[in-house]
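Sharing a structure below in structure tokens format, with a few things to ask.
Chain naming follows the written order as A, B, C and D, and within any one chain the residues start at number 1.
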Amino acid sequence: MAVDRRGFLKFVAGATTGVLATPVPWKLLDDASIWTQNWSWIPRNVDGENSYISTISKLCPSAAGMKIRLVGNRPVRALPDDNHPLSMGGITALAAAEVQLMYSPSRVKRPLKHSGDGAYVAISWEEAEKILKENLRRAGSKIAYVSGDETGTINELLSGMAKESGSEDFYVMPSEVQPAARAFAAMNGNGQLGYDIENSDYVLALGANILESWGTVLRNRAAFKQSHPAAEKPTVKYVYAGPVQSNTAAGADEWLPAKSGTEAIVALGIANLLIKAGASVNAPDFAEFKALAAQFTPQKVASLTGVTPAKLKAIAVELSKAERPLVLTGSEFGQGTGVATVLAGTAVNMLLGSFGREGGVKALPLAPKVIASGMDRSEIADKDLVAYLSRISAGKVPAPRAMVFYEANPVYGLPQPAAMAKVMDKVPFKVAFTSFLDETAQACDLILPTPLGLERFDDVETPYGIGQAFYALARPVAPCAVDGKPAADVLLNVASQLNMDLGFATYEEVLQAKAEAAGADWDSLMEGEFFTSDAVAEQSGLRLGAAVMGKALAAAPKAAKLSIAPVQKLNIGTPNTAIPPYNNKTIRRWELQKNEMYVAMNGATARELGVVKHDRIKLTNSSGSIQARVNIFEGVMPNTIAVLMGFGHTAFDEFSKGKGENVMELLTVGYEAGTGQSVWNVAGVNVSKA
Amino acid sequence: MEERLLHPADGNSTSRQFGGAAPFFVGLVVALIFGWWAFPGMLFSEQEQPINFSHKVHIQDAEMECSACHYFREDGTFAGLPTTESCAECHSDEPLGEDPEEARFIKEYVETGKEVKWHVYQKQPDNVFFSHAAHSLESCNNCHDFSEVELCSQCHIDVANMDKAPTYYENKLTTYSKQTMKMWQCERCHAHPEHYGVTRSSNACFVCHK
Amino acid sequence: MGKNYSLPADHELFPEGTSRCSLTKFSIWMGLVGAVALWGLYAAFRVLAEGLGVTGLDDYFGFGLWITFDLAVIALGAGAFFTGLLRYILNIDPLKNIINLTVIIGFICYSGAMLILVLDVGQPIRAWFGYWHANVHSMLTEVIFCITCYLIVLIIEYIPLILEQKQLNRIPVLHHLAHNLHVWMPLFAGIGAFLSTFHQGSLGGMYGVLFGRPYVLRDGFFIWPWTFFLFVISAVGSGPVFTVLIATLMEKMTGKKLVSWEIKSLMGKIAGAMLLVYLVFKFADTYAWAVDVLPRSGLTFDQNFYQTIYGKWLLWSELFLCGVVPCIILLTPKLRNTPALFYSAALLDCIGITINRYVFTVQALAMPVMPFDSWETYAPNWAEWGASALVLAYGAIILSLSYRYLPVFPQERALNATKSN
Amino acid sequence: METKEFTIKWGMAIDLDKCTGCGACMVACQAENNLAPIADASNKIKVMNWITVYELSNGKPYPEHDVAYLPRPCQQCGHPPCVSVCPVIATDKNEEGGIVSQVTPRCIGCRYCMAACPYHARYFNWRDPVWPGGLEKALTPDVSVRPRGVVEKCTFCHHRWMAAKDKAIVEGRDPMDLPEGEYVTSCTEACPNGAITFGDLNNEEHEVAKLASSKYAHRLLERLGADTQVYYVSRREWVLRQLDNYLEDEKVKG
């Protein structure tokens, strides 16, 4: 039957009318809109039973205690743990992102071999262990180990392996720990300095970034929280001295502007005033100390540090009036400070009668080592990685044949990283045990993925800054998201094949022994409990270390006309984590724009330099140079440029790679007179428009 | 075209014959048949459960309570469907009955530890928060006189006496089950003023959405 | 029938007694416009496929070029409803000579605005929620309903014009349909005027109700929000001259006289009168805003302006250069009847209204209300320009086709015949 | 202006003298509420963060300079500017507790609510969210994942309230009489400085209610009349003064 055009049009009209009287258009309209809430490329909610596992962070330098929430068997959140002494109901911006870091795009997914042409080749664990074993054997005693862990027993294992092969070269990445340990050793002390912040009634933080990155931050913050009831007058005064009105300064009740690296001088200035007011210490070298302190008159302190005499006097008076004052010393950016800084701060504490007193400084006992051939904490603290690498660089010692990096990223995280990278080039075989493809891993021949702290057994022993002896286990909350193996297991296996006798077959046994040595109960540790002890280490013949301080300060570098003040913020990550995916939203607007970082200076300094906000500048000194834009922030001391740490990664993923530049390029290593400790907390800089 | 040229007269007469309203009504009928009869079949795909689960066997023969598998967890969440692990508490090594489906379940799921991808007839979209705890007998029976089965069947298919799991219809466009309740169905109770005072639930958006 | 090769190939479709350019020339023009439209379609495609992240909009500027564009064309398209009102309801007969054009422009403006809105909502597939799940308290709901209804009215008004196309009009059914629709036109004009008044008003109301935004908040006087009336009157104060400008542009492009000067002048006079009314209210409004709304919010007048981009020059231009000046010109017969001045005034009038819609949309959002917040700036990107250009191209296409094939201008024959004689 | 009243009024008091701007709340919020990370997050006005920390300055030069950080969640206005403007009732304030709801599957993405909100608490999904490298495995089941083209905002972790109520029901307790602390938001919980206090503003026993009546407690842009449920506490006058717009001769209230 033929249908003409008119008939067809009528048919269409009928069909249209008919369709409108069916569910077709209406159902499709509705379903299409439902489809938009259910797009296949948008992830779905995956339900399951909730459970919580208490553990401790191995990624966050604060050693945050935390509860991991699992849905089914999936970890989804790192939550604060009210009952944990290293959380006390809070979490850091870094630890809060820890579960998400399990799935970070920059995780090393499987063992990798760096082939000759620079490409990564995936290899099996079997092959990886074989390569490792052969190279360690070949290197013999010409081997160095570098660890990025401050609190774990893994350091005994690593140092034990070094010693077993005849090498003394085991190092931990530099932090506040080494100068503090060396200072206490210089005082003839026994144990680790601990700070009872929560029981103090006046807290003076000299450089120590206590509300952001210094020590066991969450515990510090919990003390701050307790002493600062909302909408009420604080019960404890917090004073922060440093060159930048940092996060700690924002929380502190008073910000005392003081130039970078002058913490010891401020402390001695206070000591001088306290001694004048009648304070003394029963120590063999008190007279020497008194003479030293007397040199630091308020006027001299003012000229060296920028702290006005009136302010200094006021602080000294407040300290002496307080019942349980506490002085904390450190570096605003958590590293590079000298032994003298800690000595001077401890001396002030002793003058205030705060040593060994509640709310003061304590000597915390450390558990004895369990791997006989390994090094204990004080031995480790004596090992200065930066000094070692500098000696290699200067040709004073030969480069090792092999280097083992355990969760350490010296290529990014050390001062003058370019020089450090050159040292690396001289080492024929380098292996990195790492969770993330960081700068150091990129420079290594073999890259071995380690499970994160959330995916393995590990331990934390008395982190620096805490006020009581502490031991806890990190426990796996989920299977490793990648094809990783715990470094300790791999190394124990390799060690046994190399006929090293470390005394243990598995790492769990090591941890059990350590727990026992610490006096902790293994079973309760395995349930997420933790061990704390208020025991203190007995002291005898404690000195002030006046001679050490005297030498160090006599030769202290003069502050440059224009200096750098590195600023550390935990939300931007560490050299090991880089910027976690969720954290780059927490970077402030005028800290980073696209890939350009901003540095901050006050208006007067900017005028003097002839720059305005957003200007592109080049910061140069003898170590290196970086480019940045100018931000004006009045919370920076005159002639000081505040530079945020944590930028300028050349490895990792799109969340951190290529963003800004690394301030470490500008930090020049010097050596503290008297102790030889490497320091880099004073850096001059020249600014030019770029 | 060719035909029209060959038989122009016929063509015209046909047109005249069918002229007027006829093509319109043909179109109308075709559309109605398509829209009411063919379209629903095209929109939904039919799927069977991966394992034929007989509620009848479990309830009548094994005398199990519904809450043996569908229970509340301590934190107030509803467990929904049991995991393979909990099924394996009874169905482990040897089949308990004759049904080949049970043997297959043990072989394919219990032995491998795999979870069964059950089709959930009333599966609500992600944006819906449904509290099983709030829709309890205590709450509803303040006024109603529901048995447990009656209450559950307000929303769920009454599978208690079924030997064969019903066919699951999936909307090809939305990927939701045909039985997924629409908002107006929830509102039969939620928008009912008499419910407010007794249940303290309202028809507020966030009572049900997440 | 013998072919006259001097005539364009499609000459049989032309309106009775008119001449048009060659089909080739017309095709080249359409090709040019089509190219612009293609660019716009590409932008539209990207926006629909990837989301509004393609545009220069952000969380501070949720509204930008597109909303400004929509508001501006809807205001300028107001010539349609207002001329219709005057012609059919108030029986100002001479306006019949331009009414067709106003209807086409109105149709283009409203349908174009709808097109932009489809892109501008994040979930176009859910756009029908606006009708089905309507929130009666929202000014935007009023806008959605009125625009939709009014667009339907405009389509109904446009249809008879299409049906009057020479070939179509030969079909008896269509001829009768067109005729009957014409008879009913006053009714549609009335409905259109009613709907259009409401949504022009509700567009203004959309801003005036934003009590979190002191820059646009207009409360505390007579009726809240009084921007409702400002937007209605400003639209009728500019729509008529916009129509005239389009007509003149078409005259320039076609080289023909399409609308007599008397009609243009009449439209100008009407717009001028409405503009005067508007300005009285606008000055009162600005004053009340500065001395009442702002201090109540703890803000000073100066705090509402920022650098050049959101500087006071915008306000002064809107009020004086593009308000008072055109108003004087349009209302002074001598000045009005000087074509150069008249067209300048018309243009300034339209620019003034566009500035008004722009600052209400963009500057309102740029102004930081939280004291510690900062001024942000907004610049549309290629995707927004592209989509806007698409609407302009679409308008040009509709207008070109309408002009070529439909009897849009009743005076065209007479005016051009006189000219050739 | 008319304000809807509820028996329970969830509210927050944020002590600006305790906040140091560390960002833990922002990270905890994203992880809790399934926000997607973004590689370049430097364009702060195009980056989604239900809680944003603003930096406040007293505007004085060194050494008189002072700084404060202000975390800004949705203020859960009693008289929300955003609700009445929504053409499709995607946002509403109609539930007990007074949390302003946002139902993203209803949202058509017109962004009128964003224009209405002076706090910039509302965010638009400019593109489809992406979780690279398997990051979607760490999504919670509590909050539905939003596609592009819709507006979203802080919900005071409303799902946590629902969970707390369910727990109470199953334990045979009254779900509308939760003990203080049983329901808190993710940011409140995370804050290591205890700067955020969360609870029922209508319950005088709750800490937040006490703080809200402190002379040091002010609300953001109070004079606009949005009647917010978030209070800011500071003992510093300059900080309080920046919580609202004041003419030169006006004094800070309180």
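We take it that a contact is a pair of C-beta atoms (placed from the backbone, for glycine too) under 8 Å apart; a residue touches a chain by one contact, two chains touch by 3 or more.
No experiment lies behind these values; they were computed from the predicted model shown.
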| item | value |
| --- | --- |
| Most centrally placed chain - per-chain CA mean versus overall CA mean | D |
| Inter-chain pair with the most contacting C-beta pairs | A-D |
| Gap in Å, rounded to a whole number, between the CA centres of chain D and chain A | 30 |
| Computed distance of Cα centres, chain D from chain C, in Å | 40 |
| Inter-chain centre distance, chain A versus chain B - centres from mean C-alpha coordinates, in Å | 53 |
| Rounded Å distance, chain A centre to chain C centre (Cα mean) | 61 |
| Touching two or more other chains - residue numbers and ranges from chain D | 47-48, 55, 57, 89, 104-106, 128, 142-145, 147, 149 |
| Residues of chain B whose C-beta touches two or more other chains | 75, 77, 125-127 |
| Touching two or more other chains - residue numbers and ranges from chain C | 123, 126, 129 |
| Chains that touch, pairwise | A-B, A-C, A-D, B-D, C-D |
| Contact set on chain D toward chain A in their complex | 13, 15, 17-24, 26-28, 30-32, 35, 37-42, 44, 47-49, 53, 55, 57, 60-63, 65-69, 104-105, 128-129, 131-147, 149, 189-195, 197, 207, 211, 214, 216-217, 233, 235 |
| Chain A contact footprint on chain C (complex, rising order) | 123, 125-126, 128-129 |
| Residues of chain D defined as touching chain B within the complex | 89, 92, 94-96, 99, 101, 103-106, 142-145, 155, 158-159, 162-171, 175-176 |
| Of all residues in chain A, those that touch chain C in their complex | 29, 32-33, 35-36 |
| Residue numbers on chain B that touch chain D, as the complex places them | 72, 74-77, 125-127, 129, 131, 133-134, 136, 200, 202-207, 209-210 |
